[in-house]
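First up is the structure itself, then whatever we jot down about it.
Lettered A, B, C, D, E and F in written order, each chain numbered from 1.
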Amino acid sequence: MKKIEAIIRHFKLEDVKSALNEHGVQGMTVTEVRGFGRQKGHTEMYRGTEYTVDLVPKIKLEVVVAEDAAQGVIETIVQAARTGQVGDGKIFVHDLAQTVRIRTGEVNGEAI
Amino acid sequence: MKQDTKGMWRCRFSTALGVVMVAAASLAVPGHAHSAEDTVVSGVSEAAEGRMDRGDHAWMLASSALVLMMTAPGLALFYSGLVRKKNVLGVMMQCVFLMGLMTVIWALYGYSLSFGGDGPLIGNGEFLLMNGVQMVDGAAPLEGSIPRLTHMLFQGMFFIITPALIVGAFAERMKFSTMAVFMVLWGTLVYCPLCHWVWDNGILCDGNKTFPIGGALDFAGGTVVHISSGISALVCALLIGRRLGFGSEPMPPHNLTYTAIGATMLWVGWFGFNAGSALAADGRAASAFAATHFAAAAGCLAWSGCEWVLRGRPSLLGACSGLVAGLVCITPGSGFVQPVSGVAIGLAGGAGCFFACTAVKSRFRYDDSLDVFGVHGVGGTLGALLTGVFATRHVADVRSGGPVGLIEGGTVLVNQIVATAITWILAVAVTFVLLKILDATMGLRVSQDEEIQGLDLSQHGEEGYIFI
Amino acid sequence: MKQDTKGMWRCRFSTALGVVMVAAASLAVPGHAHSAEDTVVSGVSEAAEGRMDRGDHAWMLASSALVLMMTAPGLALFYSGLVRKKNVLGVMMQCVFLMGLMTVIWALYGYSLSFGGDGPLIGNGEFLLMNGVQMVDGAAPLEGSIPRLTHMLFQGMFFIITPALIVGAFAERMKFSTMAVFMVLWGTLVYCPLCHWVWDNGILCDGNKTFPIGGALDFAGGTVVHISSGISALVCALLIGRRLGFGSEPMPPHNLTYTAIGATMLWVGWFGFNAGSALAADGRAASAFAATHFAAAAGCLAWSGCEWVLRGRPSLLGACSGLVAGLVCITPGSGFVQPVSGVAIGLAGGAGCFFACTAVKSRFRYDDSLDVFGVHGVGGTLGALLTGVFATRHVADVRSGGPVGLIEGGTVLVNQIVATAITWILAVAVTFVLLKILDATMGLRVSQDEEIQGLDLSQHGEEGYIFI
Amino acid sequence: MKQDTKGMWRCRFSTALGVVMVAAASLAVPGHAHSAEDTVVSGVSEAAEGRMDRGDHAWMLASSALVLMMTAPGLALFYSGLVRKKNVLGVMMQCVFLMGLMTVIWALYGYSLSFGGDGPLIGNGEFLLMNGVQMVDGAAPLEGSIPRLTHMLFQGMFFIITPALIVGAFAERMKFSTMAVFMVLWGTLVYCPLCHWVWDNGILCDGNKTFPIGGALDFAGGTVVHISSGISALVCALLIGRRLGFGSEPMPPHNLTYTAIGATMLWVGWFGFNAGSALAADGRAASAFAATHFAAAAGCLAWSGCEWVLRGRPSLLGACSGLVAGLVCITPGSGFVQPVSGVAIGLAGGAGCFFACTAVKSRFRYDDSLDVFGVHGVGGTLGALLTGVFATRHVADVRSGGPVGLIEGGTVLVNQIVATAITWILAVAVTFVLLKILDATMGLRVSQDEEIQGLDLSQHGEEGYIFI
Amino acid sequence: MKKIEAIIRHFKLEDVKSALNEHGVQGMTVTEVRGFGRQKGHTEMYRGTEYTVDLVPKIKLEVVVAEDAAQGVIETIVQAARTGQVGDGKIFVHDLAQTVRIRTGEVNGEAI
Amino acid sequence: MKKIEAIIRHFKLEDVKSALNEHGVQGMTVTEVRGFGRQKGHTEMYRGTEYTVDLVPKIKLEVVVAEDAAQGVIETIVQAARTGQVGDGKIFVHDLAQTVRIRTGEVNGEAI
């Protein structure tokens, strides 16, 4: 099993979610994060004090899928989340040792 | 009697003289026995024309403060809670900036254009730069029983909130600079004329001889404020176009607690708006206050009741939308109908606007983002018509003893229909032309990227909440 | 003199006549030399019975607005900040919906039941559907020096906030539909009778001949508002039962900033509540305003002082709870005691309610979620008793020159105790019966799942904050 | 005429007598023909000295409520939105606790020290513990046309907000206990004397014979409130030192929505502050109201305009800061200048404070965290001087028909400069000494760990928002 | 070492926390997330516009434990977090390459 | 590739961020979390009810770096985030199976 962690733009969440849905993904977890990267943020000015806001609001999406489904999911996310501009985000893929569905106690493949 | 609401005092001189006589007589014999139970006070100001009444003035000062509170924090909270998080400051900024901008315009020429002179179509330069309004040699010119300064202030608060209402129609996408220019022009070309027509003895003033059929009974701004802004809002929504992702992405309100705080502040502030429109702390102010209160309550019940029946449960947003709808709907009639009619009008407003914001809007799919048309356009129109139904000589004897509203057998409903239609036409025409010009010159919308980023950052370089 | 607070005007006719004569005389000789330093104004209205005073009226209109603001945004914010995030809208919705519901009831029959006629036990149908309250032929019936409409409005705001206070006792678990039905019944069967007894010359009105020992001095609602709601709240908390997880899970306030905003709005609004209860902008209104202000301040210091001493540091929630406790405690006495006594009463209120909300509550482990009993029940009772201690003829000469409060050597404390006991009994009995019936018919609580999910989603289908 | 603002009534006796005669005459012939257009009302109170005017009183009660609202929720929200999340309750707590603390001090001796007696330097014990202020035998002593109780209340609200303003200078780092002690001493040793000097016929009262050159025209608190707090704030910022991480870590406002709500509440409340300072609902109150409103609007435009030009876009924080700056700047002159001058003064205030909060502050790198000096110190000083420029006999004839402000050819500007300088000196000296003593005894700052943890937890044991 | 990531219901946090505590776990990290899965969310209605709220508020709990403690912790979580209804959540188990305690610089076993 | 997850104190974010910046790290993702550990939180008292607030506000920082850069990054974080007091936080290091830059589709080394 793989956990696919994608940092995407806020407003791309809806697109990615429905793309994944169509692709057959049945679950995911979403977190509000702030990202720092090439996208150089912007300057905010508060009463004359300038702040370089390098922490841009982003969405972190976590999807756990079976080994063989991973590549398809990654491609789906890349397609749906891409704008082509700096700041589109990253995907990080982890190997999972185990997965459990709390409700039933099922593990691994059945738990997703 | 030529007009009957905010500018009413000017045209009351002759009748008032009689009242003064009576008042003087009663002053002279103060001990004469009234039974506390039976005694009543005339809705017509007891204060003689030309004498200041500090009780009236105290209420009008308080009312002016209340109406300013309606725009911000009231409306600013009500609206900003309904947008997405990335636009929360954008909406607030439009409200706050308009408080500054429209006030300065009002001081420079807006009041003069609205309330100067007696012309049928537009005011004159009489009060430019506050001449003739300010104190001279320690004395303040009067308007009725209050200083003209206070009349100017109270009316000026309406000049702020009316454009601010429109903001909801193009929330989350309009360019800030264009918004500012649009509002100045709109205020000058729609609000000021309309205000003059209805409240300063212009062509839509009840009793005006030039154009007798269109005289509206509009106590506190059904046509001048709500219809004008609500209809213009629809034109804005149509011409500016939908938000990116409208219909495909969810755009739920990001903070309904703000919306509820704002809505209830609007309820409180509306007492200044409507009861203040009596321009006195008289019996009619009390009557307008009560009608307003009852309509808000009934609107709240009606909208949430509709939800309860049709959707299984009432929502806080529904209750808040309903109370605002009730308030909008009672506005024109508040000083003409009995308070108990306010319950009926509020119910109609709540249910009617519910219908407009759900069935109608989803049928036509315009993106009137915060339902300015659905609430103010529809509610204002409904209110103007219902005023023609429920108005009664018991509250304001505008037909010299004859019947007023439909229920009494009167015919003002015809005038109300004509005045409403004219207001619709004016608002649609001017807004359409202004937006077309601005579209060609400045551009109406922010760029797609800026819209996606949100107005807070793209237009103002700020974020609403920073918790990390 | 039969009664002395809100309905006071009606029973003052004879004394007033004299005042009028004097006033008239002084009007006739306006130049006669007062020294500005020494001149004083009588707390008794100078306005003749049966003549409207626009200054009084201006203040009463403003007060009515202030008291509405107390329920929302005031109380809605104060309460909603104290619950968990998943119930924030649930609490706000109860407040907003009650504003609509209770107002309509008040318009239909509530005011009539409370203030109609002279019966010892309950009002009559005199003012049903606003008959006899609204304007007739352009004239508004009076109550004292203000239109009866305004009296109805001001009192109507109390009819909203009293049930809204109870909401805190069963927050986060009560079924919305049952809440609505309960409040209508409670308002009809507890509030209206009590209001009539105390303020419309009923059996608990000071000076009532039928039942002379129970006449309460209750200027602005110690018994009618705070004891009634606080005691009923305790019964609710006991009968509805604890929240799931109470005592085992932490349930800290989710947003204390809202609680602080709400508490300070309550402070501001309470000036309308208490000083407005003079029904005039007279000296006694000023005195009540000052007593209220001092008590709030002292309550704030007392509660946070207790925390500082006992817990090492004062908290914002403590300061806010304390100021509300001070306000509750001064309410019945605000127009009977000297402002400087307000400091003492506020200190007692702050410390007493601190004790009730900490030691007592944790001893008995009832889940009065937002401490309605601890603050309003205890504070109101304390306030009623302290009124019997501090009341003075200097502020209100309710014993025809004789001593009033214990400190002056008077005996009203006995009446206060009796009236308080009767109020407790009424509130406990009716609330108990109502809840038992509703439990059997509609059910009091939401299902366990709904409670776990939170009222925002389960009862109203909305979420408070959506930041993603 | 010795003084001309809040304590004005006392010194007006002789002129007023004449007015009374005229008023009486006009009462006697109520029907005599005024043209409604031409009639004016004198800014001088028509009410006879020594007679209560309920219209005035209604407005003063409302104003008192408005000014309390300025401190909280107004200022509490304005300030708390600007700090970091971990200090949001700390700031609110300081505001709320000061509402309690300063009020009790005011009741005990503050009012007496400020407004007792006629001494040139300080009040006396005349009104200690509210003696001579409270009602006696059902009658309330008067101050002008309102009860002295109300005068005490209104002034007491200023005694709350002035220290609360200073809080912004040492936000996020000051020890709570020391803050409380400092404020009591500061109120006693800076505020009370200054208030007496300026408003109770002391050495800085215009017309005072002892010290004729320093008499300030200060209608509503340019020197007493804004200069005193703004200058003391700078001293605090310098002596208490910078926040940890100041200059290296970003410290952006955590919740600008609160700041905007607070700022607009300040705008609304300021009507009570400035127009209430007329102590009457007269023409001058209306004039002050209008000047205030225009200055706020112009300040809003000026600051956001500066940003727009210099930084490419206007911000909501800029608009809010600007409106507050405009309000501060108009405060001393609000009852002396024409409303239209309010536009100019507001523009100057907005632009001047923008400059102070950006260029000046970043040049000298003091950590006046929420810009109390930049807005209140600079804006107050600017306002005091501009009053000397724009004051006109048309609004207040303080030179017996002679010219007043520079524009009219008058010389009060000299007095304004002297009074401002004296206020600066007093504020700097006393604040410096107090802080040095408190530093040596109690310590001014929380420990480094506590500062890092945030004041909410370290000083009050609470958290602002708990969403998990 | 294992990092055990559990997505649980909001109101189960307290139960899980104390169960883990009793079980001897001494540290954890909690994040507010929104989850999408079989629990089909619900419909929210805002002024007539209907939103399918498929992103349900959830809590993410992260616990790092020694290899051999993992199974016990997983079971503890499953037990404490289960209601038996759809939406109880998932547990994802990761292998960790390294752990460091910032305060002391201790690594791995000693760092937990 | 490694994903380095650090739980640090709120007010250390700025220091850590600039230390990492200087160290050449070009991206990171930041989340607001609450932590439970040895730092025993504190007691909050609300109207007489006492709450043991064991969930202390913390910041979670995620940095993905190449295998060989990991150790340096860890040390940099440890140095910048340390105060020496209980509650400084933890660092958890994961192996990553894959990394993708959404904008370009680049993978692994090039994606960071």
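In this section, contacts are C-beta pairs under 8 Å (C-beta built on N, C-alpha and C of every residue); 3 or more make two chains touch, one makes a residue touch a chain.
Predicted model, so just to flag it, every value in this text is computed and none were measured.
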Any chance you could name the chains that touch chain B and chain D both?
A, C, E, F
Shortest chain-hopping distance from chain A out to chain D:
1
Interchain contact steps from chain A to chain E (minimum; 1 if touching):
1
Chain pair repeating A-D, as identified from D-F, C-F or B-F when over half of the contact pairs by residue number coincide:
C-F
Validating interface symmetry: for the copies chain A and chain F, is the fraction of residue numbers used by both over half? Same or different.
different
Would you mind pulling out the distance in Å between where the CA atoms of chain C average out and where those of chain E do?
47
Chain-centre distance (mean CA atoms) for chain E and chain F, in whole Å, is 18
What whole-number Å value describes the gap between the mean CA coordinates of chain B and chain C?
32
Using mean C-alpha positions as chain centres, tell me how far chain A is from chain C in Å, no decimals.
53
Where does chain F touch two or more other chains at once, residue-wise?
30-32, 34, 44-46, 53, 55, 94-95
Where in chain D do residues touch two or more of the other chains?
27, 53-56, 58-59, 62, 250, 252-253, 311, 315, 317, 461-463, 465, 467-468
Overall pattern in which the protein chains touch one another (line/ring/star/complete/other)
complete
In their shared complex, chain E is touched by residues of chain D numbered 467-468
Spell out the residues on chain E that touch chain D in their complex, using ranges where they run on.
13, 30-32, 59
List the residues on chain E that touch chain F in their complex, please.
3, 17, 26-31, 64, 94-103, 105, 111-112
Can you name the residues of chain B that touch chain D in the complex?
9-10, 13, 17, 20-21, 23-24, 27, 48-59, 61-62, 64-65, 68-69, 71-73, 76-77, 80, 88-89, 92-93, 96-97, 99-101, 103-104, 107, 129-130, 133-142, 144, 146-147, 149-150, 152-153, 156, 176, 258, 459-467
Would you pull the chain A residues touching chain B in the complex into a rising list?
9-11, 14, 34, 42-46, 53, 55
